[in-house]
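In order of appearance the chains are A, B, C, D, E and F, and numbering begins at 1 in each one.
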Amino acid sequence: MTVEAIAEGISSMSIRGAARIAEAAAGALVQEAKNYKGDNALEFEEHMRKCARKLLQTRPTAVSLKNGIRATLKPIFGPMGGEWTVEDLRKAIIEAGEAFLENAKRALESIAEYGSKRIKQGSVVMTHCNSNAALSVIEKAFEKGKIERVFATESRPWRQGHLTVRRLALKKIPVTLIVDSAVRHFINEMDAVVVGADTIASNGAVINKVGTSQIALCANEARVPVLVAAETFKFSPGTLEGELVEIEERDLGEVVDPKEFPGVDIANPVFDATPPDYVDVIITERGIISPHAAYQFAAEFGTDLP
Amino acid sequence: MTVEAIAEGISSMSIRGAARIAEAAAGALVQEAKNYKGDNALEFEEHMRKCARKLLQTRPTAVSLKNGIRATLKPIFGPMGGEWTVEDLRKAIIEAGEAFLENAKRALESIAEYGSKRIKQGSVVMTHCNSNAALSVIEKAFEKGKIERVFATESRPWRQGHLTVRRLALKKIPVTLIVDSAVRHFINEMDAVVVGADTIASNGAVINKVGTSQIALCANEARVPVLVAAETFKFSPGTLEGELVEIEERDLGEVVDPKEFPGVDIANPVFDATPPDYVDVIITERGIISPHAAYQFAAEFGTDLP
Amino acid sequence: MTVEAIAEGISSMSIRGAARIAEAAAGALVQEAKNYKGDNALEFEEHMRKCARKLLQTRPTAVSLKNGIRATLKPIFGPMGGEWTVEDLRKAIIEAGEAFLENAKRALESIAEYGSKRIKQGSVVMTHCNSNAALSVIEKAFEKGKIERVFATESRPWRQGHLTVRRLALKKIPVTLIVDSAVRHFINEMDAVVVGADTIASNGAVINKVGTSQIALCANEARVPVLVAAETFKFSPGTLEGELVEIEERDLGEVVDPKEFPGVDIANPVFDATPPDYVDVIITERGIISPHAAYQFAAEFGTDLP
Amino acid sequence: MTVEAIAEGISSMSIRGAARIAEAAAGALVQEAKNYKGDNALEFEEHMRKCARKLLQTRPTAVSLKNGIRATLKPIFGPMGGEWTVEDLRKAIIEAGEAFLENAKRALESIAEYGSKRIKQGSVVMTHCNSNAALSVIEKAFEKGKIERVFATESRPWRQGHLTVRRLALKKIPVTLIVDSAVRHFINEMDAVVVGADTIASNGAVINKVGTSQIALCANEARVPVLVAAETFKFSPGTLEGELVEIEERDLGEVVDPKEFPGVDIANPVFDATPPDYVDVIITERGIISPHAAYQFAAEFGTDLP
Amino acid sequence: MTVEAIAEGISSMSIRGAARIAEAAAGALVQEAKNYKGDNALEFEEHMRKCARKLLQTRPTAVSLKNGIRATLKPIFGPMGGEWTVEDLRKAIIEAGEAFLENAKRALESIAEYGSKRIKQGSVVMTHCNSNAALSVIEKAFEKGKIERVFATESRPWRQGHLTVRRLALKKIPVTLIVDSAVRHFINEMDAVVVGADTIASNGAVINKVGTSQIALCANEARVPVLVAAETFKFSPGTLEGELVEIEERDLGEVVDPKEFPGVDIANPVFDATPPDYVDVIITERGIISPHAAYQFAAEFGTDLP
Amino acid sequence: MTVEAIAEGISSMSIRGAARIAEAAAGALVQEAKNYKGDNALEFEEHMRKCARKLLQTRPTAVSLKNGIRATLKPIFGPMGGEWTVEDLRKAIIEAGEAFLENAKRALESIAEYGSKRIKQGSVVMTHCNSNAALSVIEKAFEKGKIERVFATESRPWRQGHLTVRRLALKKIPVTLIVDSAVRHFINEMDAVVVGADTIASNGAVINKVGTSQIALCANEARVPVLVAAETFKFSPGTLEGELVEIEERDLGEVVDPKEFPGVDIANPVFDATPPDYVDVIITERGIISPHAAYQFAAEFGTDLP
């Protein structure tokens, strides 16, 4: 698909989820590089930067998107002189982008494998929202015969919990749907909480679907371990330089129809921040770490962008 | 209304709320006593006991219902011989029942008055579900010019939060509706949490709408005081003798239509238990106490029933 | 048995356990009153006081012993003039002592009944040492089909855990013996901790077999409720006036033979103090209370002794 | 001294301290009653009410002052008809006032005695500000040979810590003065914290000299017990009905000379509120209680005033 | 000694302790390499792998054993072609193994030196079980005149505490033996807890002798620092990839003779896991770190094995 | 200025503050290198070492001083043979020293920039003492329109808070001065705490002006984030090898005039240690990290000194 189309898809939320938008953007840039017709390296570079900007504007606060673009366009952000030809650059970009995509795919497999080992035999686990990384861990652990049941929260306002329970039920994994308010009531019966992440800050804070932080708090109160499954491209280099992860506020109509509630304000934050102290481990494709060790992974991607 | 009709109303949930069902039952028993035609005191007594049993069966775990019936029929549970006439008994029951109803009404006013004093000037407060006692406190504090804004949770699955925000908006109280998952995200901006109670156990645990305990946990983490507004008839004498407050499990269809989710289990607990350590004060019509002092109030109502 | 013999038995530890020594002392005093031959009321009173002192000296820090003696000799500690005859006094003492003994017996039954209601269906519970009150609760809950398994600590140095596991195994209750160090390793699998008490202080602190406080701490960390089963005569009136509950230090040979460990000191405290914040409820024969409500029960027994 | 003079003394802070102002007011009312010349009982009553109002206005938020006045004028707040003569009333007021004064004196002795028993042999204790009740406990414990050293905070802005260290040094008690910021640095070396109280709320919160709550927090973090020494007349009946204890804001010049700091605001709260969870025991003349049991003592004094 | 003999010794527990088994295995492999007679490099490699497997099977979950073998056989796990001769390989293995042994020895000295600096003058410290690394720290601190007394737990079921107290008493270090249940009773008198580690996971969790985690919990509650002394070869690379550290369950007869307890189950876990939040520092030969920084050390050893 | 003069200035405290003394020392060494007249490289090296020692002796426990000297004299601490000429060395030292000074200046700017991004719109923040790094963050955030008000503690005994409030008032930043005891009273109104650091230990503990740790504790209790602003040269390499950061005890006369307080001891610690768990982030010029990641920064500077 073209950059145009992908940008449109991300904007309209038909493409969503931290990993999926990163991968879509990387794919679009690779495609763009392949299709580019000109023969002036500087013009090509400028064109790619423009594409990058267009993609970035669709979700300017999405760290994974930034990291996917950074990884793909690394050849033109480094100290390259004008001696490069269009072909050189094209090849470099295609390689970098495909490496990113391949790594992302393998990352998910490694996370599933590593994370599943952390689940104990006979576990009942809770998950929130609809994270591909988290569900991969759970499904792999189920394949190994370790999961007895999954509790999934509804995850208002979008109710992505419905997607989650359907996916798990299809795989014959015993699953119980609960409302978001019932988390603390059931948490003592859990052996682990497994969630994904939208962004991980350099001090280890985990930004994820709103509600994650109170589940982690409840789990922590009850000594239930909290496992966060996240590819390394979810670590935010910007937070190293102080950027606060902006909590997106989405359409109020997702909560109720404002017209039916005259005089009532509505707040609809999409994410919240879970402090590192409530997270036992972050499961990445490079290994399982304490959230307090996030610094190293965040530092790896550069922070400059076109 | 007749005992019959009231029992029907409670069963079908058209009459609901811990205080309202207690008052409806007391009123029905008073009416029944007024209308009784016979002249045999023992038969009258037996008749009233039967009415009590019928009312009790509508919500067998509702402490306030039990306490309202106990209070009204106290004359026939005490050590009364057969020397009493129907008239004596009738008068005693009417008096006891009306006293209960009058007290309940005044209790609400006292709670509103006492509780409103605990709210500081310029407060932003959070509430959960749709508690008459809690909202009375908030409204009285607003009248006194102390409330800046109220955050109200949606309170899934029934969304009683919708009732709450409408009631507050009608009274021109600035109010913001949030989903249940967003509590921890906003809790640091709150000056107090004000909730009601369904039942208070003899060790001070507060049984209330599911979700209350995780709000209290979040508030406690952020040093935001938690105020529970509850009439003394919400204190459970049975818990003194070890009764666990049963957490009612309600119709699964309130969460989702089970038919649309084949292979998915649903759990729908109505209440949860908040440990006394997360509650700063209980506001009763007899004064403001530490939840750890609940024992005395629970001990006051007898535990025997017809 | 005579006061002499009972005093001997308590001293030599052949009679031990907070409840048992109280009952033995009360019984001995009743017997003594029955057998007294003289006819001078003042002499009789003096004689009984002497017996009380002798009994008290056997375990001067045992609160239940004090309370048992107080309860039995209440007639002579109150404002009685010399107008009483020996017969009057004898009758009063026998009545008071028998009431204490009868109450103690019924207390155990009530505690078992009340406490068993607090245990949830399918529970795995942990107990420590060998408390009659705690085991009564567990056994009653097992009879009701609620207990799946009991974990019992060894309870070094005396290993009273051996008595506990044998008693439970005889009743066909599934039981697992663990060393004291393994408590935190298993605590997450528990649904409740049930222990007894030697003494309860006026601020709600629970003095019990050494190790109880770290079990309670572990349980508290994991949100596992801690239930303390204790007759009201275990509440210490002296702590109201500031008495610290003395932690008895027992024979070092119970830990190791000191001769085999030259140059090594040994410490052997018998009890430790669990702060009220780590105790969910105290189960007494008068009802289930927050430990913070201990004041009332402690205040009930007078603090003066002969 | 006359009511006039005492009111003056309290206003000007030459008489201060929660206990001292209560006693001065009670003494002044007794004196006033003695000196009253008229013979109309209603006029006398009205006169005494006027005196009470004058005294109350000097420190309208001081609970001990209110309680001292209430205790002394109890005869005219009760249900007395006009049949009383001036002599009857005078006698009743003098008796009530003298009883209050006598009780206050004995209360201090009991608190010293009870509290000193709670101090372990060889203790190092910390105190804050300059509380008569707290220092009585410490001095009595020192007399018994239990105190090794006292750490006293400076207690800015007034530096009442200077009074404390001088008083203790005079009694040859080893004492170390530290700045208020050094509390946490030293708290691990302490065996107890002993402080007084200005007011105790019905839910057990302790209002005392600003800084008390952070000392209690530090002590709690380090498992050092916090003992609050307070006569029962420091318990606030008004808090039962929701009154928030108002935190007096005093003269900014006590912090710095505002003229030397143009553009700088200054805040000077006199008290702060320590939550009951950070207080181990309250030592009163009626016994040692959990702060959560404060309700009973607060309920004892009526809440109506002239 | 031969690989055979060492494997036997580890199996039978005559060689035990995380460091000792690693060193024994490294020594055996060095010896084996020295003695090898053949001249085919590939056969030699295969032979060494076989030895490694034999050694590994003796304690398949022991991380230090794996790391010792990995370190010694690094030459054959790396990317070596067939161009190497037996002599080349032999030399490389001997060098690698001797380096490991030399490092292990020096590691202990560094740990003792670094750790002893963390002990404050006049300290009373607690230790658990019988860790060479922990005792080295304590003894070095004692040499420097900083230790006043050591409290050592019995460490049931094996009572390795007996070895500890004897070793310390021989060195004239004042030492007190306590039962495992008495830890919380004494913890407030401690200035530090010093323990060893069997394994350290990549998120900083410390696996050590059962009981360690509840000592750390008690210390944490009382703000007593917990120091873990551990060579870097105790860090588990496998945990990076999700391996849960398996908690070995040992012979039940170590707890009681099962035959004497018919109908009684016994559980005998050897280790437990202390969460990183309860550990102040890990003292390694490469410096003192937060447990949350464990990732780096765990990553250093490769995870592949023959 | 000469080494002599700078050493004098540091000793007499006319030059103070962790950053300022490091910079003064580096500057003096650069100057010294520039002025050196001889032509024997070994003598030159020896001379510079002597200068370093003189500077170090002025504040032997100041980590930043050590690190500044280390950074400047790096050329002579590395493995340099005698082949170097005086000119070579001079040039290397000047370069190293100027790089350190330039870095220090730029570090402050980066910290201000990074830290200011962490402050939310409309924030009220608290600071303690008079840290250049912390104030730079606050002032930059104010420039960006994010700060509503600053609360500054007095910071007894030196009252550096006076410097802070004057500096902020000059920049028209609304500022409120409070006594050190009032921190917990106001902490709930804060959106962040921003402080500097004197030294950061390898496990993440922050050594700073006495009182910092109790502010951090209060903030932590109220879920208010604690930001520590510190250049990387404040990280202590010595703590890696176990050095305890010595808490300087300063002149008692800073607290009170000891002569006016006969029989009273005074303690005057300058710093205290804040555990890493109470610090949300450390803002360095290299990025924002969890305190638990301190190890890496501490390891960067060598630990050997002339």
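In the analysis below, contacts are C-beta pairs under 8 Å (C-beta built on N, C-alpha and C of every residue); 3 or more make two chains touch, one makes a residue touch a chain.
From a predicted model like this one, the values you see are computed outputs, not experimental measurements.
In summary, the chains found to touch both subunit C and subunit F are A, B, D, E.
The pairing of subunit B with subunit D is characterised as different-residue: of all residue numbers used at this interface, under half are used by both copies. Note on A-C: across the candidates D-E, C-E or B-D, the interface recurring with over half of the contact pairs conserved by residue number is D-E.
Spacing of subunit D relative to subunit F, judged by their CA centroids, is 43 angstrom.
Mean C-alpha positions place subunit B and subunit C at a centre distance of 38 Å.
Multi-chain contact residues of subunit D, defined as those touching 2 or more other chains: 221, 277, 290, 292-293, 296. Chain pairs that touch one another, listed by label: A-B, A-C, A-E, A-F, B-C, B-D, B-F, C-D, C-E, D-E, D-F, E-F.
By the touch criterion stated above, subunit D contacts subunit C in their complex at residues 113-118, 120, 277, 280-281, 283, 287-290, 292-293, 296. Of all residues in subunit B, those touching subunit C in their complex are 202-204, 239-244, 275-277, 290-296, 298-299. Subunit C meets subunit A in the complex at residues 187-188, 221-224. Taken in their complex, subunit B has these residues touching subunit A: 151, 153-157, 162, 165-166, 169-170, 172, 174-186, 209-211, 213-214, 217-218, 221, 247, 255-256, 261-269, 272.
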